[in-house]
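First the structure, then my questions, so here it is.
Labels run A, B, C and D following the written order; every chain starts at residue 1.
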Amino acid sequence: MLQLSEMPLRASELIKALEKRSAGAGGLVTFTGQVRPEAKSGSVSSLFLQAYSPMTENGIESAIAEAQCRWPLTAVSVAHRIGEMLPGDTIVFVGTASAHRRAAFEAADFLMDYLKTEAIFWKRESTSSGTNWIEPRAEDYSDASRWTEHK
Amino acid sequence: MTKLLYFGRLSDITGSAEETLTLPQDVSTAGELRAYLDLRFEAGGALLEPTVRIAVNNELCFDDMSLAGAEEIAFMPPVGGG
Amino acid sequence: MLQLSEMPLRASELIKALEKRSAGAGGLVTFTGQVRPEAKSGSVSSLFLQAYSPMTENGIESAIAEAQCRWPLTAVSVAHRIGEMLPGDTIVFVGTASAHRRAAFEAADFLMDYLKTEAIFWKRESTSSGTNWIEPRAEDYSDASRWTEHK
Amino acid sequence: MTKLLYFGRLSDITGSAEETLTLPQDVSTAGELRAYLDLRFEAGGALLEPTVRIAVNNELCFDDMSLAGAEEIAFMPPVGGG
């Protein structure tokens, strides 16, 4: 289940919905990412996230399908905030449910790597020293490349 | 008339995220459109960078792709992730 | 923060509390484990979990301290159900917060491995074919041994 | 008087999870207590298994550990995790 939202995301509600859909799965892993208050260029006043529908959704749906193909998952939830947001706001929520603990961990990790590097989003940060568009960090690319080695 | 979209930092160069344009007669491929717009916006090559990908009707394409039938053309700089 | 509880655990409330304590951490990983409806010996009617206080708490606190020493964590939450519970009930909740996504994932994974193999709990399953005490699966031991190789 | 605790499957053998006992004169180590109780409960060696660990006053110990000062002695079969 995928949701792009201009409204605030609440991890507590998203985990509750996932629990309902995965009843009896055994294990459930979530990742919640929040807007950081500090950036390289100073303290963050706001963050703007731009998507390109339906390419953004299609790309994330493909990553979810790949995760479901690689790991035995009983439910997946991806929610991503778009538009204008503030430090501390939840920007992304990923949840995976599986009878196998390891599968749930790896699938959540895999989806986050996709979302941090390949997902179609453009990000503009406003800090005390101005406004800039941000491109992926080298660290994010190397995390994502872990998954292609096993292909 | 074709809808053009400029994402991320490109909209700072083009001045807007979206415009509607009748493509000039001598622009028939994605690559020719890049060159035309780069000059028009005095972008100094920003639209020519190979990391800026072009999507025609929601499909990524190469520069030799024909623009016949193009309703929406997007210029996409490297994505920043979520 | 560690809590052993005879009352039902709610992941939605636990994640909300962790979010508050880790404000601005960047990333937050949770694992929620539920009582499975099916066991090798048949369908599960109930599960009983026995702890030995304060040894159980001391052991988990040491694992939390080790996780905090290995990874840069801003908050950790471990909640474990004890006593009698039903299929679908949440048996364990682990949450880790860090500025580094990878650290949050690894620390949650590490704590779950500890809880599944070394934590001082005895588990009795009641199924259609009777009642038995359960000891760790070989799979759990091999998961836990991943962490000592790197020592 | 010493408090004895039998965890997990051991309480099925001993019939209860907890009892209070005056240790016999000839039982002065953890190992001697194992042997004494295994006979007393007709446990057929279940209390002698090396995987059954003994904790004295909340500290795991070896079989040669003296029981002088022991207030609480726990018999702990392999833990099952959560």
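We adopt the following convention: a residue touches a chain if its C-beta (ideal position, glycine included) is under 8 Å from a C-beta of that chain, and two chains touch if they have at least 3 such contacts.
Here the structure is a predicted model, which is why all the values come from computation and not from measurement.
Approximately how many whole Å separate the CA-defined centres of subunit A and subunit D?
Inter-chain centre distance comes to 51 Å.
Indicate the whole-number Å distance between the mean C-alpha point of subunit A and the mean C-alpha point of subunit C.
It comes to 24 Å between the two C-alpha centres.
With centres defined as the mean C-alpha position, give me the subunit C-subunit D separation in Å.
Measuring from centre to centre gives 27 Å for this pair.
Spell out, as numbers or ranges, the residues of subunit C touching 2 or more other chains.
33, 116
Please list all residues of subunit B that touch 2 or more other chains.
none
Please classify the inter-chain touch graph. Allowed labels: line, ring, star, complete, other.
Shape = line; chains linked end to end, path left open.
If I apply the definition of touch given earlier, which pairs of chains qualify?
A-B, A-C, C-D
For the complex, give me every residue of subunit C touching subunit A.
Listed in rising order, the residues are 11-13, 15-16, 19, 23-34, 36-37, 87-88, 99, 101-102, 104-105, 108-109, 112, 116, 143.
Hey, which residues of subunit D end up touching subunit C in the complex?
Answer in residue numbers: 5, 7-9, 12, 17, 55, 58, 74, 76-82.
Which subunit A residues qualify as touching subunit B in the complex?
33, 49-50, 52, 54-55, 58, 80, 91-92, 115-124, 133-136, 140
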